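Shared between the two complexes below is subunit A, which has subunit B as its partner in the first and subunit C in the second.
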Partner chain A sequence: MNQTHVQDRQHWMSVLARTSFANIQKAWRAMPEQPEYSLLRQPETGLVMIQARTNGNGAPFNMGEMTLTRCSVSIHNAIGHAYIAGRNPEHAELAAIFDGLLQLPEHNARLMETVINPMEKNIAEQIKTKAKQVASTRVDFFTMVRGED
Partner chain B sequence: MTQQILSGFNSPVHDSQQWYRIVLDAMSRPGNVCFPISTEAFSQAPSPCSKTAASIALTLFDNDTSIWLQTSDEKLTHWLQFHCGCPITTDKNAATFALITDGNSLPDLTQFSIGSSEFPDRSTTLVIQVESVTHGEPVEFSGSGIATTNKLNISGLDSSFWETQKNNRSLFPQGFDTILAAPDGVVCIPRTTTIRRQTPCM
Partner chain C sequence: MYVAVKGGEKAIANAHQYLAAERRGDTALPELTVSQIKEQMRLAVDRVMTEGSLYDPELAALALKQARGDSIEAIFLLRAYRTTLPRFYTSAPINTSVMQITRRISAAFKDMPGGQMLGPTFDYTHRLLDFSLADENTKNNVTPPTCNEDVPATCDETPRILDFLQNDELVEGVGSAESHQVGDITREPLELPAGRDIRLQKLTRADEGFVLAMGYSTQRGFKNSGGHPFAGEIRTGDVSIEVTPEELGFPVTIGSITVTESEIVSIYDGSEETPPQFSRGYGITFGSGERKAISMALVDRALRCRELQEDIIAPAQDEEFVLMHSDNIEATGFVEHLKLPHHVDFQSELDILRRLRSNWAKCKAKREEIERNTQKEQKIRQSGTPEIKGAA
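Up next, the complex of A and B:
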């Protein structure tokens, strides 16, 4: 697997993990034929420790644990993995299936066009809407300079 | 393309609990042949492992246990790393478990860790694949966990093992423990077990 492939895969895995369950389910149902697959690792939920850095450059510290669900499937000649936030086993399973399919050259271009790109657009829109909602309640604080007396 | 990996337990929680119980029973009653009630824990074991040895591996190995492998088979290594997340080591003395897939050609067992006198529990546990624990050479077990003696038949295990176990017994409280994994059952030989071979009369 070459470097560009790794970056492409990181991209689609990220989109599949962040999209809503409704979207990924819709994409799966819209598939012209649903491919056969076998579960290598059934969806399982666990905790991962999130590390953070103060200001983005301080010493790393453990910020807290978050729930994560992972799944691995074997599909045709590929192995698909998925790690998603939360505890939705079906989401993890579908994300792993799509990851497996996207690795196959015969499916990649079509799926990127019909599944990943719309999902990505949808995520971007949601972020924008949320940012707008938050911005409307923004409060600016001014500190008045007071005299000493 | 990517390398194919075989799947693990069909029902990871229940199967590993069942197998843990089996190993626990076998270890507390040395010489008893223990076997699961349902053997449909998985569809296909990675060669050269039998389903028994593979089940024990899935049950006991994890990211805290370093494993010494007799075979350098890439598929088996990948399989263990994927399902157990265990580090693979080539240093016999550092291994928590040793997976010996061919009981007929044993490595030098004295090189495995026997623990220290402060921490005798930090020894290597050997998982040895044998052909059968119900047919073959008759042996007699005695020691802790056995009321009088326990007779059983083992085949597919190199005869040098019995001599090594005799020395191992004398190292107590240090020493390694052994799990014999055969397609027809699991037998454990902890460091406390004395073995008498019943060599047939001429």
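Up next, the complex of A and C:
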């Protein structure tokens, strides 16, 4: 896989991970025909140690862990992987299937248009809605001059 | 020492059944769901995740339900659960500069580039009980506020306020971003003196009440130096988590988590090598944990005393005192084990006590006898003297 491919794949994998389970399930059910696939690695839940940085951008330290579910599938001639925060095995399985299909040139363009782009649009809308809520609490404090009699 | 006991199975089983019934409470009322706890008791969930050292809102909410709202019991459940899972990856260090901000304030700078956003805060509320929340006929479905501001649809970088001052060297640098080996207290036992990475890991999972009290003690003067602390910046928001699985060989986003981070600065008098400047303390939590994050930053700063060549004169500067007593699961294990059957121990202590008392009584009797004899002798001597005088 060349460099652009890696970036494309990182992009759709990120969208498949950040989208809600409801959305990925909806996308799967809306597929005209659901392709055959086999599980290379059953969905399994484990931990990720999250690192943070001292002072926000200094030396790393271990902050605490989070749950993650991963899954790998073989679909047509591709191998799809998924690494999804949380403990939803179905989300991981569906994300792995889509990752596999998206690597196949015959499916890529259509799936980007029908699956990934709508999911991404949805995520962007959520980000915008929240950003507006937060921006409505923007505050300008005035410094009061202490009264001198 | 605790010695294992046998028996009591029936009583224990019944006690647990009783507990389950008490947990459910009045069955005429609807049962609390885990999603309700996750949505409506979110700050309790956040605390359990932070101190349980495991980010998973559903599990933390479940733990709170099972623990009947007891945070420390819920934290214990989460810590126990994490030991059953394998660790797959270590994330790339989170980048809190690129965050979908929920709240961002600075107590030091009024006009912060990027602006101050209060977000959903208890600050500036009047702390009056709101009885409309108790009225079960009132629907409390409040629409969040919004505005017409043009906002980006992606999470852009929000500059960190202290970086501006750092350019003038008025604030100390963040230190090197590189680290050869990051310590992990879940893998290796805590050794003292501890590096800052270990201290920060320990403080992140430390009991909020303990860290709050320790931070407070530094404000009241239990520290060596440093001026008034200022919240340079406090921000809460969502950050992406990236891991690099071996089979891929490139980083992928697995989702995002909410964190709260606090940067506190206070004047450092300087040393022979370092000119006076603002020194930094850092605090971070899962979810919205502002109180804990601020306290943690104060304690982190106090614990940097060795590095900053300050005399250790206060409890918050004492690394052993702070780090060894900050974990509420370790602490509760040792304190609460006192309630478990110590029958054998207690019997032997009773034996010892009986022996001590009998020795004590014997000694007392002996002492009193000696005293009595001395008094008698004195009396004889005293009454004898006039006789001698008289005889003279």
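In the analysis below, the second predicted complex is superposed on the first by the 133 of 149 C-alpha atoms of A that agree within 3 Å, B and C clash if a C-alpha of one lies under 4 Å from a C-alpha of the other, contacts with A are read in each partner's own complex, and residues count from 1 in each chain.
FYI, contacts are C-beta pairs under 8 Å (C-beta built on N, C-alpha and C of every residue); 3 or more make two chains touch, one makes a residue touch a chain.
All of these numbers come straight from a predicted model, not from anything done at the bench.
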Clash-or-fit label for the pair subunit B, subunit C on subunit A: fit
Subunit A-centred angle between subunit C and subunit B, computed on Cα centres after superposition, in steps of 10 °: 80
Touching partner for A:Arg18 - first (subunit B), second (subunit C), both, neither: second
Touched partner set for A:Leu39, first subunit B, second subunit C, both or neither: first
Subunit A: partner with more touched residues, subunit B or subunit C: C
Partner chain(s) touched by A:Ala109 [first = subunit B, second = subunit C, both, neither]: neither
Partner chain in contact with A:Asn77 - subunit B first, subunit C second, else both or neither: first
Partner chain(s) touched by A:Asn55 [first = subunit B, second = subunit C, both, neither]: second
Least Cα gap, in Å, left between subunit B and subunit C after the two complexes are fitted on chain A: 7
Interface residues of subunit A shared between complexes with subunit B and subunit C: 72
Of all residues in subunit A, those that touch subunit B in their complex: 1, 38-42, 44, 72, 74, 77-79, 103
Subunit A-touching residues of subunit B, taken from the complex the two chains share: 1-2, 4-8, 12, 82-83
Subunit A-facing residues of subunit C, complex: 49-50, 53-56, 58-59, 82, 85-97, 100-103, 105, 110, 115-120, 144-147, 149, 151-155, 160, 162, 174-179, 182-186, 196-198, 200-201, 204-205, 240-241, 243, 245, 247-248, 250-257, 259, 261, 263, 280, 282, 284, 286
Contacting residues of subunit A [partner subunit C, same complex]: 6, 9-10, 13-14, 17-18, 45-68, 70, 72, 81, 83-87, 124-125, 127-141, 143
